[in-house]
Amino acid sequence: MLEIKDLNAWYGESHILHGVDFNVQEGEVVTLLGRNGAGKTTTMKSIMGLVPRREGHVTFKGVETIGMMPNHIAKAGIAICPEERGIFGSLSVTENLMLPPIVAPGGLSVDEIYTLFPNLKERARTAHGTRLSGGEQQMLAIGRILRTGAKMLLLDEPTEGLAPVIVQQIGRTIREIKNRGFTVLLVEQNFRFAATVADRHYVMEHGKIVDMIPNKDLENSMDKLHEYLGV
Amino acid sequence: MIMIFGIPGPLLFGQLLLGLINGAFYAMLSLGLAVIFGMLNIINFAHGALFMMGAFVAWMLLNYVGIGYFPALILAPLIVGAFGIVLEKTIISRLYKLDHLYGLLLTFGLSLVIEGLFRNGYGSSGLPYRIPAALQGAVDLGFMFMPIYRGWVVLAAAVVCLATWAVIEKTTLGATLRAATENAPLVQAFGVNVPRLITLTYGGGIALAAFAGVLAAPIYSVNPNMGTNFINTVFAVVVIGGMGSILGSIVTGFALGVVEGLTKVFYPQASATVVFVVMVIILLTRPRGLFGKAA
Amino acid sequence: MNVSRRAITLGGFAAAAGTIAPLTAGRAQGKPTLRVGCLTDMSGPYKDLAGPGAVSAVKQALQEFGVAGKGFDVEVLVADHLNKPDVGTTVARQWFDRDGVDVIVEVANSGVALAVANVAKEKNKVYLNTGAATSDLTAGACSPNTIHWVYDTYMLAQSTGAAMVKSGGDSWFFITADYAFGKALQRDTTDFVTNAGGKVVGSVTYPFPGTTDFSSYLIQAQSSGAKVLGLANAGTDTINTIKQAKEFGIKMRLAGLLLFLTDVHSLGLEVAQGIVLTDSFYWDMNDRTRAFSDRYSVNMKGTRPTMVQAGVYSSITHYLKTATAMGIEKAKLDGAATISAMKAMPTEDDCFGAGSIRADGRKIHPSYLWEVKKPGESKGPWDYYKAVASTPADTAFRPLDKGGCSLVKA
Amino acid sequence: MFGFSRPQLIAFLVLLVLIVFLPFVLYPVFLMRVLCAALFACAFNLMIGYVGLLSFGHAAYFGMGSYVAAWTMKVWHVDASIAIALGGLTGGILGLGLGYLAIRRSGIYFAMITLALAQMVYFFCLEAPFTGGEDGIQQVPRGFLFGFINLSNDLTMYAVVAVVFLGGFLTIHRIIHSPFGQVLKGIRENEPRATSLGYRTDDYKLIAFVLSTTLTGIAGGTKALVFGIATLTDVHSSTSGEIVLTTLLGGLGTVFGPVMGAVVMTSMENYLAQFGAWVTVTQGVIFMICVLAFRRGIIGEIGNALKLKL
Amino acid sequence: MTDTILETTGLTREFSGFVAVDGVDLRVKTGTIHALIGPNGAGKTTCFNLLTNFLTPTRGTIRFKGQDITGMKPAMVARKGLVRSFQISAVFPHLTALENVRLALQRARGASFDFWRAESALDVFNDRARQLLQDVGLPDLSNVIVADLPYGQKRALEIATTLALEPEMMLLDEPTAGMAHGDVDTIVQLIKRIRKGRTILMVEHNLSVVEGLCDTITVLTRGKILAEGDYATVSKNPEVIAAYLGSADA
């Protein structure tokens, strides 16, 4: 579904991605693991067209997106839940939820989203999105992209800074949306969490993919993984 | 007669009312400026010049095409707004990644060009533009003689300000705008055509200025310098209100009009300077302005 | 005759050669060349009342004087002083020092006028001011090299102030621009009003420049109960004040202390009707002024000259007469001597008729109080004024001994 | 010498030669005007180019320096050297007072606050009786330097202006290349880091501001002496705008840029004086071209092309 | 209480409703290397900004060497001997490496306000600056513009600059972030070398770095202290494992 070949990206003078190669099959949940600064978030942004300069190939459903503007990439059916959630403080919760335009039929209805995240419904009247707790913000950030009908979701560290109980809920959500046929690319530092949701794991180091570990082999690869991640 | 601070009460009420009328212009101009700043991160120094263009376009419509005041009130903002869109597309869009200063300098240059061209073409002693027949005359309010047209200005300005505020605060388009002000790349990544949104915002802000220009045309003569006279004060309004704050610019616009009106009674020479005094005080005590968000 | 419009080339290093060339290589035929510099406001608030019209008046004067047969050339230089005294002095110095200019004419703007007068004196050249209002030019700042041609604040104040009181306007309120010119106008007018038995009940001084809204001041004026509203300002400010006075239904009589024909034209008779003002020249005064104005109109797209533009014509004409009489070479050599000769010779032209120039550099002629016609009274374009009163030449200006000019022997 | 690099030294020598020989070719009064503008621009550049703060109200210091020098010359008949020094002192003291307030804000807020403060200074000059309102202080005698050098001759005056300019120019260069200048660079590059090293950055900015306004005051005082006139134009916000343009045009943060900017701007003002409003149109167009096409300015672009720091 | 160099009580910082640091009581012993760890968003950097007064705490006090420094200007804090580094490399990019270090030496030894003296007055610091550059393992780069250096070398330079102030206590914000394996080791060795005579508080992600280096570890999650102790203790704490490494049963 998503095919990335020799992806390079730069911020100003600094060359962040040095030829990233990986792919995500339809219906899969795939994670990008790696240390801080390895280039995971930059990879996400590069897929979305959010870096100042990128080269290589990002093919989505067979269409090359490398020269496209972010809004066109979004219309093609990729949605991002960014690092630190990207909740808009000047928008109410409902406005945040309704913000991303519908790009295709088949998205979740607002009611379905509320069923998925009951907390959100209670907080729907909250004036400012940033008044929500971290967990609620994360739910909102995921919920709003489920509405758009995009089938490919990029989730950037959805568990960051969250309490274990919330992390569990996020995990359930990801499995749920996988069951509904969504494809997910997940950036995680928390590989134990990743292990509970993902089919495959790519490991990044210095702007490159250095390894791919299928989830079933994860237990056997623990030593390798500790080495990669420095934990 | 009631005396307040040694000034006859009726006179003081009159001054407050007049302050409000001027405040209406400040509010409309600073509103556009605030919207543009919030969205484009550009301090649009050319705002005064485009305000002036609004008045000139109304004058041209009347004198060259025979289109009167009320149609001009719609047409002139559209025409000048379209000009703004062209400006944004061709010139201003090149500056988004640079420091504020460059936007300020570029639009400053732009205003010099626009004003110079009109001064060359139409001189600077001003062209007459008559109050439309329907709004001529005045009402005696007891404490002052209130021209109907001035009343219309306050009304029109208040409606336009409220409408703009409502669009930004209460509609989906407005929500998208606010979101794009916070984090434009993310909004674009959701599939919104942010560059077009930015262009339209600039056009809209300019149209607001032009609308104010048409409103001003019958009061002040249509003059190439009419924008320059306003622009410094309007900047002060935006800074005091909190840069980019919609509500801040509306409230501060009206409030400063009143402050200025009162100064005209007590120390008229300083009425042009008082806004700067207020601005310095505000900047030193509340760095982000009255309604600005903390950094 | 050779009338050219040459750039003042003191620009960048590259222009250096161009600066010198006209002085050394030019005019090989050996005929002397008089150079007239018209320094005026080509872009600012006084553009319409002076500006291009003044330049046209210079050319008209040259043409009608008929330089061709007189054995010398005349070259005209034009510059915009941008209403900045330092720009004015720089241009004046440049003209005198480098470009061989013999006479500077016009300079509407008192600050610039005073500055140019100093330079003209320093360089011993001729300076004929028509556009500035300040009566200092013939008082403390008077100079053997300057003639103040058309009007000054004293004349305006006396004509408008005294005459209004006589016709019943005995209580005044001033709206005054906060700068020296406005304040001088108010001060002088106050003197005449009180001397004539009237009184000033109040005044308000507003920031200048930059004020566009006068409604506040107008209702202060209205509530003062005065009968006459004296407008001690000029240009766009006056226009705006008058418009807004009409809008706010101000019932007072408006006295424009300095209002030009072009201002009235811009206001339109509907708004301007009934205002009284003082001018020393109006195009429709008599056959000679009409004839002059018709000739002027040909070059100026049908507009009529203001008193400033008429003054340019008048002053240049007189200068040419004097210079021809005393000899071009001599006139070029010594500005003060030329001015003395001009003072010695009576003036005579289509615009102001017969007149003379006093020892302090004041050109004297009658002043006239006009009232702006009602729209119904106007019979055609630019038919705006009707005469109300006049002050004869010998009393229209400040008495010679009152100014304190050093050129006047006690 | 003075921390000039080799190409800078060559450029400086060229400048020196031009300053010495040009008055015999070009009109000295024009050159004096250029030099005053150049000193003003160099002083302004000290703030924007080396501290990174845009002062939108530098006319206040230029104008006040000009007024004080003119007034003391005319009324107290002080020596020309003292008048110029007093002009500088005025700029410095005013800069200390206003800078103390302005320096607490940065970026666009600094620009706005300096603009507002300058507007107040303008208002003061408009209202204060000694400035002569819009007529300004006129007929200021050039007087004598050190009691015996008569300045009424243009070439003598020129020599004085040239010395003042060179003095100012070299002073600025020395400031930039001093231990203090090194700290300024640090603050411009990374202010939080400078703070974390224990620098009270506001103090440094304020000192730089005062140095800049002092030199600006000297430029104003010298100008008043040359033209015998001090007017509201000198304190007006348009002068503040022009000096920004001058510096931008020449090249922000370059050594010779402000000088080049002053040459071009002054020439243009003179050349275009007869074309009325085209002056502002041309200035506006140049402003826009500078911002859009060559943000480094003339000298900056030349330096970049030649890979030299000029 | 001479053995405690830095102590906070109830340190709290709120950002418009969101509590980034929540009642942190931190105590750093003199002469130790103390690590502040925790998942992203736990409030470590905010904590750093509070300690050096780049941010003002909403509540709570900070004492350094027994003196209350809450609300003191950041520059003064630095002058007291508490000097920080930044997460994003904090160098002066358009100066040379030598000038970077010299700028710190200059502050420590005066001559900073001398605007009338030539730059060469600073040459007296050159030897010490070169020494410091050498100490952090930077080759002879004295005349290279820092912007052109690779990331790891910038970090090293930053440490050299901080060392130039000879601070009693250093706060290092993720000194090894974004570094290659080899570079990490260099930095670890460096920190080991410079710890003599000073106290170091560092934020670090790389647990293997922390393990080998730090005496005490404080684990922060969601603005609060979760656990404290040496590596062995902390790494066995189940709560820490859950919060930091992620729980397996999620």
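Read from first to last, the chains carry the letters A, B, C, D and E; within each, the first residue is number 1.
Heads up, the rule we're going with is that a residue touches a chain if its C-beta (ideal position, glycine included) is under 8 Å from a C-beta of that chain, and two chains touch if they have at least 3 such contacts.
For clarity, every value in this text was computed on a predicted model and none was experimentally measured.
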Contact-graph distance - origin chain A, target chain B: 1
Each chain counted as touching chain A and chain E at once: none
Chain located farthest away, centre of chain D as origin (C-alpha): A
Whole-Å gap between the CA centroids of chain A and chain D: 54
CA centroid of chain B to CA centroid of chain D, Å: 33
Chain D and chain E, separation of their C-alpha mean positions in angstrom: 42
Chain B and chain C, separation of their C-alpha mean positions in angstrom: 37
Contacts with 2+ other chains: residues of chain B: 116, 119-120, 232, 269-270, 272-273
Multi-partner residues of chain D (at least 2 other chains): 123, 126-127, 276-277, 279-280
Chain A: positions in contact with at least two other chains: 89
Which pairs of chains touch, using the document's own definition: A-B, A-E, B-C, B-D, C-D, D-E
Parts of chain E lying in touch with chain A, wherever the complex brings them together: 16-18, 39-42, 147, 174, 177-178, 180, 205-209, 221-222, 242-243, 245-248, 250
Chain D contact footprint on chain C (complex, rising order): 5, 7-13, 15-16, 19, 42-43, 47, 51, 77-82, 84-87, 89-91, 93-94, 97-98, 110-111, 114-115, 118, 134, 136, 141, 178-181, 183, 207-208
Residues on chain E engaged by chain D in the complex (per definition of touch): 52, 54, 73-76, 78-79, 83-86, 90-95, 99, 102-104, 106-108, 111-122, 161-162, 165
Interface residues, chain B side, partner chain A - complex: 172, 175-176, 178-179, 181-183, 185-195
Residues on chain C engaged by chain B in the complex (per definition of touch): 43-45, 47-49, 178, 204-207, 209-213, 215-217, 219-220, 222-223, 235-236, 239-240, 243-244, 247-249, 262-263, 266-268, 270-271
